[in-house]
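Chain lettering (A, B and C) follows the sequence in which the chains are written, and residue indices restart at 1 in each chain.
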Amino acid sequence: MDMSKKKIETKNISWEYAAAPESSSHIQLKEKYDHFINGKFEKPSSGKYFDAINPATEKKIASVAEGSKKDIDKAVKAARNAYDSVWSVMPASERAKYLFRIARLIQEKAREFAVIESLDGGKPIRESRDIDIPLAAAHFFYYAGWADKLDYAFPNRKPKSIGVAGQIIPWNFPLLMAAWKIAPALACGNTVVLKPAETTSLTALKLAELIQESGLPEGVVNIVTGDGKVGAEIVGHEGIDKIAFTGSTDVGKLIQKTIAQTEKKVTLELGGKAANIVFEDAPIDQAIEGIVNGIYFNQGHVCCAGSRLFVQESIKDIFIKKLQDRIETLIVGDPMDKNTDVGAINSKNQWETIQGYIELGVKEGLDIFQSSCSLPKSGYFIKPTVFTGVAQSSKLAKEEIFGPVLAVQTFRTVDEVIEKANNTPYGLSAGVWTDKGSKIFNLTSRLRAGVVWANTYNKFDPTSPFGGYKESGFGREGGLHGLSAYLKFD
Amino acid sequence: MNLKKTITIPDFTKSPSVDQVGIIERSSRFQTRSIKNESKIQALKMVLNMIDLTTLEGKDTVGKVNQMCYKALHLHDDYPGLPTVAAVCVYPSMVAIAKEAVKGSGVKVASVSTAFPSGQAPFSTKIDDTKYALDQGADEIDMVISRGKYHQGEYNFVFDEIAKIKELCGAQARLKVILETGEIGTLDDVRRASDIAIYAGADFIKTSTGKIGSAASIPVTLTMLYAIKDYFIKTGIMVGMKPAGGISTSKLAIHYLVMVKEILGEAWLSNEWFRFGASSLANDVLLQLEKQRTGVYQSKDYISID
Amino acid sequence: MSERISVLKTYKIYIGGSFPRTESGRFYTPTNSKGKSLGNICLSSRKDFRNAVVAARKAFGDWSERTAYNRSQILYRMAEVLEGRKEQFIAELILQDSSAKQAEKEVTVAIDRLVYFAGWCDKYQQIFSSVNPVASSHFNFSAIEPSGVVAIVANQTYSLLGLVSYMAPIIAGGNTCVILASENKPLCSISFAEVLNSSDLPGGVVNILTGKRSELLNQMASHMDVNAMCYANHNWEELIQLKEGAVENLKRIKSYNYELLSSEIENPYLINDFQEVKTTWHPIEVIGAAKASY
């Protein structure tokens, strides 16, 4: 067919979005933060503090107490005391009301939390504002309602609280992970000692202030800050009945080993290397959104990130082209700008790790594509990156990078892609994109992963159980299934 | 760009599928973009320059059309340096009037045709309708597709009608093809109808007639932009986009621009490739521009209606 | 006329639906409390365990994808076959120090327990699954799936019941397993393998080894292709050993101390302990939803 369309000269138009910074003038941040023990802020027994750094500017934003064994001892004692004397004997419906109250307070202070989350962790304000903080509030609200209904969740079982839970959380979703841990633990009648990640302590400490404001009995929630050594003190502490950990698989194994000789209960939510699988009959443009959201959401600092893209060979070229075009439109930079899609890498350490993988990919001779965006001069930033032609045996396809780096492989048949997707020690999540219902169910039932997103990706909800198969950990967080981690049964 | 290259017509029954929830999620992302300061002023001026100022009523008169055309050229003379709108859009019977009224201004005259808005007329009538508008001097033809035939699965019929009208337009007029998405159904159908129109030779694809309840929306427009993008990737040929109806605020219009920029790129950000079919949008944009200029919130009393 | 010489049974192990001798060629000779030998019992090696895991892994796909109705019928069939061979098991139990009354009780409880778990095969999924009311336009459900290959250290006290009580919920849930039988009372385990072998159970779904815990526990705990472990004894030292060994592939370890003659073990939570929760999301198109009023 002869297409004689009228040729039109196109004008050379350039339209850039002006900076749209979120104001941080309304937030209240202290210069120095102490541990939160027994309802009060307490100076660290070591007298030492470490710096909370804004990864987008490399500037210090506050000092945070460095924990030690003595601090953990105090916190555990407070938690035990609160458990015995108040929390475990309080009517469950009253426990519920405290949790509802906390949920409401988070909603009221959502903007302040969002700003601090982005300042401290580097994630785009759009994400902390629209995802992290609302979900954290929703989590408290959801589990609040469970507190006095536990008997209905486990028929014939007489669920009972466990005691003191030691909770160690990562730096990728600081407040949200605190909510994931604290809300079900408290709903089930336990008290907690929580340690936030050392690079992202601030929103947990703001949560401590909020908990004080809520009037929650002293000692029910204790928060001790510090690095992995403090975490190890929690794991090894005799007064703790239950460990809940979210973080790397290596540390998860170490915890498992440490507590083998004890009767401590444990739930682990660890790493992942999720396959995101696109078939030729998929809704392609939405699949591209899902791939982008799957790997560049929160700079790829997501345990369930869709870091392995499997694209059916018949659509590979067009798919990669469109994916690249989409990546070009991502706005990378100042986390505080409302238009930023990809923010700062959480820490210098993590920046170096990710950079190491990128260099490895280049050295392996893989095809690399990076967004042509320019990066801010200071701060830890990495351009959204895609490696194509990656072999199943390459480190880039095997190891969790925890950054904005996508490894692309192609496949021909359904059986082949299922086998490749399952060919990993991890099993946290997976994605499937196809328009055909029976194919979706074939894949969703055969993929060995705890969360499977079909024609969507990286969706979270308090009612939806989350957690992994195999080396991605055990136990579930969220939903009815998330309760059993904090209960014991006759 | 080789315009003479042969293009294979795809099987329209196999148009790409669209996931509506995914489209809505993407749509909401455009709407969280925060456009401030100089970007906003630039955008508002772009919006004005992309408007097809429209009157399509049974009661249209020479007087009404003349008034609208004057407004098209003098949006708000109190604000120096404002652009004109892109075009005025009228029924075929008013083309000559409009043509005279905007003479020499660069503003185009668009005429609806092919038994607008229902398209329920014999094909010969549609041809006569279009020929008349062209004879009267129309620079652009806004045709409607046969939705009835589309729903009967007669995609070839729909295609052939568009191709024939395109042939009539020749070098004189650019062809906008109205899908009337509110009658077309799901986003899968919007995509298929877009593909049919594009491959049949549309210079623009347009959402709506403005004559039924359901008009342009961001999700529908996004679906159509993806069709344009795919065609461009395949052929290197640009096709324009015109959402029409329901876009009456500056904020929403700016979000359309964000969407066009992020899906198709800045090359589409001119009235050669993007139009708003709207009657009340212009005045809201003017209110916003005055607010930006003066720093004071404005009243409609200070902006002329026509 | 001389008395008839009875035919003695050779006890072998059960791997992949056949009855090989241990590849190691070794045996041990447990005795009852009166000092009477129970026979030459295979002293399974770490290689035997490895082979059994290979067989279990191979059988997993088919077994887990069978209809629940089919699994249910196979478990029920086991009960039928065991009922028919009751006398053989009673005799073996008496030889292993049970009184006649105790032996009778253990066998009948074992039969009834198989029937009990046979009935759960197509029901526990509905108890432990959920449709989750997420706050977005998605259909979201959590269903449970078998963990995979489970290593079972059978209860030492009950030669038959100590194996059946844990095997039944684990395979009812679609897992395959490798069982280390009671060390001192191994006879019923191999006879039970014969029951399995004539119950339409596919080869490899249940594999049974005899031998010494001291030799095999480490291997069972550390094997990277075993997904979970069931420890049915009350020995703290052994449990620690298993927990430490299980770290490398984060095996799920469950330990139990049920009184097996009582019905307290008869609950679906035991099935659920060897299941993984999988949550699936899919968008729901919302066209017209707001207007629907049915």
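Everything that follows uses one rule, which is that a residue touches a chain if its C-beta (ideal position, glycine included) is under 8 Å from a C-beta of that chain, and two chains touch if they have at least 3 such contacts.
All of these numbers come straight from a predicted model, not from anything done at the bench.
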Chain occupying the middle, per Cα centroid: A
Chain pair with more C-beta contacts, A-C versus B-C: A-C
For chain A paired with chain B, centre-to-centre distance based on mean C-alpha positions, whole Å: 43
Rounded Å distance between chain B and chain C, as computed from the means of their C-alpha atoms: 69
Whole-Å gap between the CA centroids of chain A and chain C: 37
Multi-chain contact residues (two or more partners), chain B: 19, 21-22
Per-residue overlap in chain C, given as positions that touch at least 2 other chains: 138, 283
Multi-partner residues of chain A (each touching 2 or more other chains): 455-456
Sites on chain C touched by chain B in the complex: 137-138, 283-287
Touching residues on chain A, where the partner in the complex is chain B: 1-11, 13-20, 126, 130, 281-286, 289-290, 318, 321-322, 329, 338-339, 435, 455-456
Contact set on chain B toward chain C in their complex: 19-22, 24, 186
In the complex with chain C, residue positions of chain A that touch it: 138, 155-157, 249, 252-253, 256-257, 260-261, 268, 270, 425, 440, 444-445, 449-456, 459, 461, 463-467, 469-471, 473-474, 476, 479-481, 489
Chain A contact footprint on chain C (complex, rising order): 127, 130, 132-136, 138, 140, 142, 145, 227, 240, 243-244, 246-250, 252, 267, 269, 276-283
